[in-house]
Amino acid sequence: MRGRDEGRRRPLPVWLLGLIGLAGFVAILELVPRAGLVDERFLPPFSDMLSALAAQAGTAEFWQALLETLRGWAIGLSVAMAAGVVLGILIGGIPLLRAAMTSTIEFLRPIPSVALIPLAVLLFGTDMRSTLLLVVYAAFWQVLVQVLYGVRDVDPVARETARSYRFSPLTQVRTVIWPTALPYVMTGFRLGAAVALILEITGELIIGSPGLGRQIAVAQTSGAVASMYALVIVVGLVGVVVNVIARAGERRSLRWHPSIRTEVP
Amino acid sequence: MTTTPIGATALLDVRDLRKVYSGGSRSVEAVRNLTFSIAPGELVCIVGPSGAGKTTLLRCVAGLLNSTAGEVVLDGEKVTGPPRGMAVVFQEYGRSLFPWMTVRQNVELPLKEKKVPKAERRRLVEQALEAVGLADVHNAHPWQLSGGMQQRVAIARAVAYEPHILLMDEPFAAVDAQTRADLEDLVRTLWRRLGVTVLFVTHDIDESVYLGQRVIVLSNSPTVVLEEVAVDLPDDRDQLTTRSLPRFAELRAHVYELIQRAKRGDRPAG
Amino acid sequence: MRDPGRGLRILLLPALPVLLVATWWLTTADSTNFFWPPLEQILRTFGETWFTGRFTADVLPSLARLLVGYLVAVALGVGLGTEIGSWRTLRALVEPVLEFFRAIPAPVLVPILMLFAGIGNEMKVLVIVSGCVWPVLLNTVEGVRALDEVLRDTARCYRLRPRSRLVHLVLRGASPQIAAGARQALSIGIILMVISEMFAASNGVGFTIIQFQRSFAIPQMWTGIIMLGLIGVVLSVIFRAVESRALSWYTGLRMSQRTKG
Amino acid sequence: GGGQAGPSGAPAAGASSGPTSVKVSVIPIVDVAPIYLGVEQGFFEEEGLKLELAPAQGGAAIVPAVVSGQVEFGFSNLTSLVIARSKGLPLKVVAPGAGSTGEQGKDFGGVVVKADSPLKSAADLVGKRVAVNTLGNINDTTVRASIRAAGGDPKNVNFVELAFPDMLAALEAGNVDAVQIVEPFLATALKNGDRVIASNYVDAAPGLTIAGYFTSEQTATAKPDLVKRFTAAMQKSLKYATDNPDAARKVLLTYTKIDSALTGSLTLPTFPAEINTKSLETLIQLALQDGLIQTAPNVNELLP
Amino acid sequence: MTTTPIGATALLDVRDLRKVYSGGSRSVEAVRNLTFSIAPGELVCIVGPSGAGKTTLLRCVAGLLNSTAGEVVLDGEKVTGPPRGMAVVFQEYGRSLFPWMTVRQNVELPLKEKKVPKAERRRLVEQALEAVGLADVHNAHPWQLSGGMQQRVAIARAVAYEPHILLMDEPFAAVDAQTRADLEDLVRTLWRRLGVTVLFVTHDIDESVYLGQRVIVLSNSPTVVLEEVAVDLPDDRDQLTTRSLPRFAELRAHVYELIQRAKRGDRPAG
């Protein structure tokens, strides 16, 4: 594996490879309906989606919806991240708390947000807060579990070092637990971000709070297949962008981590 | 040939210490019965066969490990957690450095915790890194350093901390002979300057005799104290003259013989 | 951070649930809100709702689909994850596409899946797989990337064959993080089990809950939610039993120097 | 208005303090064209109401929102409301929404099969898989009514729940044998050559009122004036929509994404001025018969 | 005082090896120019100041690290990856053991990979563990062992592998004096019995002279070969007699002096 990059051409940059991957995906999306593998009525070729997207992009409504979605997503994810990280470190760091919380966490985690929709609506009506509740509820568990596993991963020698120098609990968290858990938190962020986006869209779709999801619902019930997929593509692209950002953040904050440092050419 | 601590009252008292590791199917009696004490400001070396329980002992003294029986009393108080003003150099030096921090940050962190003012902190860190010969790598991360350099960072961290009690677990295992000699002198200088009490685990018999006021030789596992050897060499030591003293050679031979006996499984009669 | 004794732990395990249930009971005791029926009423309907035929007719089929979907997802996630984690080029190539799919909500994805997988059990299993695979995949990728370099070098030196490398180094080394992913996937699987049964289903826990919800059988709907929670708890207990066996070296290692007394 | 200082006490008479804000939760389908038209034509403004229309996907979100008072009015099919009422949910219908055209084969919804399907009438559905958008609701009960009317036994029909947008794909793929579908998908299906074999809404009852606008009993008693004004405006809107079908078709383009080529050709439902009480009783009968409810709710309690 | 390899053709040829670590902001020239060669079946020790680049050199020889310039030729072939029949004992012994395997499994795994038949494997594993004094812990996990024991497991793994070329990076740093002596003898016995070529990095000057046929002394970083010292002691060595030979003391003193010069920054004239 080593010895390869030496003397040979440089590997292609990551972003270019990513674009190649996406291009391949787009090609499949174009060809599958064109080749008649599925009916064009139900899965139109990519070019149709693209023209529908272009039409959408011309309307202020679309941008407004995108903005609403992003806002709801960002708020929900931030709340979930903050709560997940803080509680995760607390619960993971204090065995007593961990023992007390486990069964409750396991009970609550599998309750689907969709089942909570009537309750959310009951509390907050059909506006953004209902969806926000769903987003926070769903994304929170993702982050929490990752943090719990991350906290468990602290190297015993590092922990002992911190203890022997009598670091305060807060310092231990800041200097030992947090850096160790960070790769897990990053994964938690990436998982949580997607789940938050999914729930934001689903919430808008079902509850009807403003955003892209509502547009998707309208397109669905109107039988406007290409428009619907155009919107879905936007949602997917949001996911891609979020990941790019997360990866960039990871490269900055995890420079010391084996996963990053071995990849520096 | 048991010696009592030199000072009037003991700083550290290890009484009937016993430690059994019991994890799952395996249960190992690492330390059977250890009793010794150390006076304030003493420099004591501990030698013993590999796997004797030296690290275990050190962990118990540091309050990082609960003993199965017996107790460790420091400054008149039973040790239940890491005491104030203690620094430890771990045998697993590599893992005791935080990979997410630079060398400087690693050394500086305990000082920050101790609330040492910034300027003073700066001075201490620089001095310590200088003393271990790493002044030029303070911005590197630990994993960018060689094994010996990592170990020296761990030493620098302990030195900069200016502890009252210093526990070192084979701290010079990974450095070359010359650096080792320099570091030995560093420890002695520090010890004399600050009056710090030092508990020093080593495998190098010469080193134990050169450094210590007393050498505690442990038996093999399950461990008891095989013998305490008082090092009656003059307090002013230097690498050339001290090591060439006939008494040095005698002590060295004695300790070596004890280690050989320990490895053969000899145990004290009592 | 003292480790609590085993006895205390066992005592604590049910403490919070009991407290929460008591709170729920008391706050809803004389609730007249249609959507928040008294807990007492919910519990009274629980037995008749689930243990008069629905357990075999709805719960078991759901669990069967969940199990198949989950296992496929874990296998797929670990399989893909080790490849993607080991090859930087592959990772760069496929990551955006995967991220794209990951962001698509199930209610939109399911119709697409139905185009290819019909409306039977295959589709529902596929829906579960489509959601469960991500946490496993992401965690596997990260776990593989984070393998200790010295261990990697050791494996190379002793010329471990690709298969042994995979079994003895990569999978074992990444297993703590894979476990994190598998744990996440478990509850996501239950959620997707419900979602998949919102489409073209005629039985299942999720189907039943949705029907209750639509027909305003609110206490019954609540029993369904409780049912899901209980399924979650039971499955997680099983999961943890498996995990603690598979990762005994890891917990031993992490705890080795923390064991007190 | 942002500059209001004093305590925003109950607006005693809505008219004096500007238009009252009213939230209505609707499903963005053809049936609700009148309310959008009414807003467009200013009928609600005339009554001192400022409507805020929130599209939602279905009853799961709309009913709790109305019950909790988060939203004043909601749109739903009548069978759902019958079920809710029989379970003790205090809902009240305040205005009709949409009704069947009453013409066999020319309704805005019906049971559709593929062009080459051997199925010819509702009676042939026995033993077949039929997709409806929600199980245990208006569509399967009315399809059962169709089957009964055609002389079949509805017990042996396999109903499958599928969302309207997914139905034609499932029909095409042979996953189901027939689908109960409404506009605009019906028009799409017909364009594609599919056949209508039964008009279930027509078979269920003559002049069937399918859906309506409702509120909670609490809102109805607390704000009778508001309800009155909403009903009045709604009625004007319904009448306007009935009188100006082209305007109704045009308004679809504002709140749906239906292809503009399709809006001209699709069949609009009727927008009745009154709820057909008889047809409502039929719906209740069907719900009882098919086991959707155990006890029939009182029609008078449900209606205004 | 450069010596050429004793055999006719070299097994290992290190030519103009240069290694620059460049990661992010830091760029370190660890090895500037190393040229030496080793004959088949030779036992060569490498000493040098801490941070000199010994580990770097070993990793280049093992094919684990790409050099920046120059090449390593083993058996006439340029090294681009780990060659067949090589065993390495890493300086980070603790991290080189698989924590999820028991001691026995750790030692056995490379043999399995080599397709050694089961019975033979069993024998080799037992023999190796016996030789390093760990016969009774074969069911323990590495993290249940003391530092020195872990290191001995790593040694046992290399020994059981019966390699053609054996690279050892400070393999005895964590064991006591007596064990160290035993292990030194183990390496020499193995070397004589199997004719394996050994490259041995150590900080212990006595050890380097006692073990090696040749001692290569490295300068400090950026590293070049400071001097190659041929150890002209009889091939039959034992801890007592060999170490008391006057020639031993001479060689020892010479190497020690070289190390001191290296630390001072002296470099060869050429």
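Each chain gets a letter, A, B, C, D and E, in the order it is written, and its residues are counted from 1.
Here is the rule we use: a contact is a pair of C-beta atoms (placed from the backbone, for glycine too) under 8 Å apart; a residue touches a chain by one contact, two chains touch by 3 or more.
It should be emphasised that the depicted structure is a prediction, and the values quoted were computed from it without experimental measurement.
Novice: Tell me which of C-E and A-D has more C-beta pairs in contact.
Specialist: Result: the pair with more contacts is A-D.
Novice: Specify the chain most distant from subunit B by Cα centroid.
Specialist: D
Novice: From the mean C-alpha coordinate of subunit B to that of subunit E, what's the distance rounded to whole Å?
Specialist: A distance of 28 Å separates the two centres.
Novice: Counting in whole Å, what is the centre-to-centre distance of subunit A and subunit C, each centre being its mean C-alpha position?
Specialist: 17
Novice: Taking the mean of the C-alpha atoms as each chain's centre, how many Å separate subunit A from subunit B?
Specialist: It comes to 49 Å between the two C-alpha centres.
Novice: Would you kindly tell me how far, in whole Å, the mean C-alpha position of subunit D lies from that of subunit B?
Specialist: Taking the average C-alpha coordinate of subunit B and of subunit D, the gap between them is 83 Å.
Novice: Going by the contact rule already set, what residues in subunit B reach two or more other chains?
Specialist: As it turns out, subunit B has residues touching two or more other chains at 21, 23, 59, 64, 92, 95.
Novice: I need the residues of subunit D touching at least two other chains; which ones are they?
Specialist: Within subunit D, the residues that touch at least two other chains are 60, 63-64, 67-68, 163, 165, 169.
Novice: On subunit A, where are the residues touching two or more other chains?
Specialist: 39, 42, 118-119, 122, 157, 160, 205-206, 228, 257, 261
Novice: Mind listing the subunit A positions that touch subunit D in their complex?
Specialist: 39, 41-42, 117-119, 121-127, 205-209, 214, 217-225, 227-228
Novice: Taking the touch rule as given, give the residues of subunit D at its contact with subunit C in the complex, in rising order.
Specialist: It comes out as residues 59-60, 63-64, 67-68, 80, 83-84, 87-90, 131, 134-137, 158-163, 165-166, 169-170, 173, 175-176, 292.
Novice: Going by the contact rule at the top, pick out the subunit E residues touching subunit B in the complex.
Specialist: Contacts found on subunit E: 21, 23, 25-26, 28, 47-55, 91-92, 94-95, 139-140, 144-149, 152, 170, 173-180, 203-205, 256, 259-260, 262-263.
Novice: Provide the residue numbers of subunit D that touch subunit A in the complex, in ascending order.
Specialist: 23, 25, 27-29, 54-58, 60-65, 67-68, 70-71, 163-165, 168-169, 172, 184-185, 188, 192, 255-259, 262
Novice: Flag every residue of subunit C that touches subunit E in the complex, lowest number first.
Specialist: Spelled out, the residues of subunit C in touch with subunit E are 148, 150-151, 153-154, 156-161, 164, 168-169, 172-173, 175, 249-250, 252-253, 256.
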